[in-house]
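Here chain A shows up in two complexes: once beside chain B, once beside chain C.
And now, the complex of A and B:
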């Protein structure tokens, strides 16, 4: 092509910035925030999958986040096991909780299901407060070991690249699921559950899968957070956080594979940015207003706007890339 | 017998939609289920396909009791259906509508998807070919990449049949396949059903149009107020006084 493809150039610059960011910004607190943003993006990507792709709802993700965090903290601190084992156990336990929480979704419509998930989040929160011997309760859980490779204990740079790689893998896996027969079945269920069942699709299984996946990702995010922060207190695991996670998914775009990341980054930095501007009394209002404005005026989320700028159009979430590629191969072959 | 309903009963609140229905479908034949509006034909189809659970009675498919199976299990063991009021996946392309029903033929698992294996790619390609073939058989080859909403009514019906056939069913349940069709569309749907019959697919179909029944069916069951009031060949039914009465109303007898 003769014309300069500025969109492509812009994209490459953006990606390069993401990769070298820790070396550009000398402010360690902002780097810490970036790490929080990456963790939130992992969790919110799971919510995009659950809500945008599988049509289910959860206002209790902070519960899974907490299970992941405290499990990994307990296993590495009290039991002295390696961090990788702590993270795996954190994921597995959240996954188990997700399987249980998927059961009410068989019968309940969105409104009642959201009440059940809120209740789940509250139960976990109350358990954190009361199981003091395990969680440290309101006094907190201290001395969680940081991640390390050999003798190198991670600083914020180390965490940044670790989390970035994990996030990229998470997005890749979700992308592949979306484009496979599993994703196709999910969209079919969303369209018409009876027609899907009659086509041999087990809608319960699909819901279980979506809940398990989003819960596992929240658990993963939680266990990463535990080691990044080094100590845990009950505050980040309230209903307020659960709704914040949903806001991230919605603001980023529920039908967008990058929705969780876009929302996660924006809603992690925005409140802090406002706080530094001396708006500490208003940052909650401004953040909430932003969420409301996005939901009202851009129901497909900011992710879609960005995609539109780059693609010129957004295509239907349902026309899977895999199929389109096969089509091109096919038509290229016959012509 | 490929399908046997024994004393099948369905009650909605105070309405007895199906009352102790005994109905058999012989393999390789086309059986028609007719009756006035509200006589319980769709309710019967819904129960056989697992969309509704019977209040009492039994459904046997190839001598196996399937009464308590769920819809997705029933479609997996070889019963497919279409709907009186068309139900397509409007947000999926035409080809994807068919591919959804190919789900049970995928052998690849979750790990194949995560690692995007060669095996999965080959399987997707294989299933796509099968789906395209099916569309071709039903005259939808040129519509494969469109959205269902872009298709004329008759083609939407045909797509629903294609989707049902994608399950490679032993028994196909068609709920008013020719409803609302133009003359040309009507002829093409009769043509499709006759082709399917030649291929040995057993069918149970609900229809109001007598010409349609005469053309296609080997045996007819007549429902009235949820009960079977007559069964036999089309010619026998045409002259059965109970059937005539049910269609014309009691006063004309």
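And now, the complex of A and C:
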């Protein structure tokens, strides 16, 4: 008798659910949240790439997100250009900012770099508040056109499938990079910069690339958000949003290609699930407390646990474990 | 531009800057001992300000008791940070990044706790440091009384810390641990104790800074997020993250620069200028701008 592979069937059912989800759920608000979750997943995937693969920290991701959002909004609303051009410009401008921000990363180690990125995010935020002629400042940016194909203006369903396709493409791109020369050299640098450079790997090049990619993904996410929401205010671009994005990447799992997606979806929906009747006031507390607990007690993220359920202990998992123990020894041994 | 304006900005810059220095001091103490940055550093300021508000205005205890109680609770919170956050992460093999994310989320957590229990609106700080309308006037310059209280408290605190670090055995072991943990341990320093002490000192000084800043910023969420925390990081970075005296001097420098950039450039971009200073120092002088601090003893 043939053994039924339940895990495979479960996986297929899960994928099918993701595809038909907009037709199952009639709640428009939840669908809007799902769209936000997809946007967050795109951004968090970029962060997983930057942090998990290339070993750099960015706490200013909301800055790139804001640059993408406001650029696309400005180009489509004030200049009347097509949306696709707005999105491309949003990506390019964030890419430029990412390239500039990658310069300090040559010299600075983890904590110092994170301070630079915080400063970057705060500078962008102050600029949004004060450049009122461009951004509308605290009054907001109104009237951003929704996406459309021909005469069909996108509703939440349309956005869902667009964003889903973009997310899948993003993951595919990251997957390809991960298994290329560039990706492998990033892992090498992440493990030991000096050893990697001795082997002839250009560490500057891969740091620039990692920053550029994660910045342009954040810009892409931002410009998609601008058209989804139709209205921009400074609130989603604060420092706390940046830390939320990092939390998504960490909760999802940093060495996991789907980590960004898992973290993005969980952290977007978690606050909504926690709004129990009578306990509405506490949902924000519980959300941040949950993230703290996950980070403290499951440093490898929830993504790895989900994967473990599916795959059991695989070969690559064992190698990863060995690497982490080695690194721990190294960190403890050297001062 | 008159000398009067310059003097006024100088004094207020030093006063505000010295509180930035205290916040930076919190960063420095922790970095010295565990080489981590607590991104929830500034939360201690907000916590102590709200605790002080509760004890003094709502319960009606005396000034001194409220002050000691709120700072004491914040010190204990520092100990909690060590045993509930730092130790479990280290035990489970989490690295720097996990500490970064955990502390960031604690910062968000405290903001949410305060919003739930106190509401988002700022509370008036009780006039323990003189009323907002009390000014000291001399030579044509008028300065709020609160600045002089800030000078007073910071001076007493610095004298105490100087005494602690230089003259007592505990302080000496703290400095020894900061220089080299392994060697200090071999010399019989109780590293466990100094680490706890570093955590407590770190939250305590920031807590005191919070109570000092409350008359200026009100008892508000501004104290637990926003730009003040980043200015504290700037102050610490100016000292290369290792020198307590440098952090205070750096904070004062930052306060002065900030005030004069408001005076000469524009008040809207005041924060941008101090963040740019942070970036510039990190890129060009990652070891701090006070060279003397590295070659001291």
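One rule holds for everything that comes next: the second predicted complex is superposed on the first by the 309 of 335 C-alpha atoms of A that agree within 3 Å, B and C clash if a C-alpha of one lies under 4 Å from a C-alpha of the other, contacts with A are read in each partner's own complex, and residues count from 1 in each chain.
In this text, a residue touches a chain if its C-beta (ideal position, glycine included) is under 8 Å from a C-beta of that chain, and two chains touch if they have at least 3 such contacts.
No experiment lies behind these values; they were computed from the predicted model shown.
In the superposition on chain A, A:297 contacts chain C only, with no contact to chain B. Contacts of A:182 after superposition: chain B is touched, whereas chain C is not reached. Once the two complexes are laid over each other on the shared chain, residue contacts for A:5 go to neither chain B nor chain C. Applying the stated contact rule after C-alpha superposition, one finds that A:201 touches chain B and leaves chain C untouched.
In the superposed pair of complexes, A:27 makes contact with neither chain B nor chain C.
Legend: residue contacts after superposition of the two complexes on their common chain; A:288 is shown touching chain C, with no touch to chain B. In the superposed three-chain model, the partner touching more residues of chain A is C, compared with the other of chain B and chain C.
Shared-chain residue A:132: touches no atom of chain B or chain C. Of the two partner chains, chain C is the only one touched by A:112; chain B is not.
Applying the stated touch rule to the two superposed structures, the overlap between the chain B and chain C interfaces on chain A comprises residues 327. The touching residues of chain B, when paired with chain A in their complex, are 49-51, 70-72, 75-76, 80-81, 83, 87-93, 95-96, 99-104, 106, 110, 113-114, 116, 120, 124-125, 128, 145, 147, 163, 166-167.
On the chain C side of its complex with chain A, the touching residues are 36-37, 39, 84-85, 88-89, 92-98, 100-102, 104-109, 111-113, 115-116, 180-182, 225, 227, 230, 233, 237, 268-269, 271-272, 275-276, 278-279, 282-283, 286. The residues of chain A lying in touch with chain C in their complex are 51, 57, 59, 103-104, 107-108, 110-112, 114-116, 118-120, 122-123, 126-127, 130, 239-240, 243-244, 246-247, 250, 254, 281-282, 284-285, 287-289, 291-292, 295-297, 299, 324-325, 327-328, 331, 335. Residue ranges on chain A touching chain B, taken from their complex, read 173, 176-177, 180-182, 184-185, 187-188, 190-192, 194-203, 316-320, 322-323, 326-327, 330.
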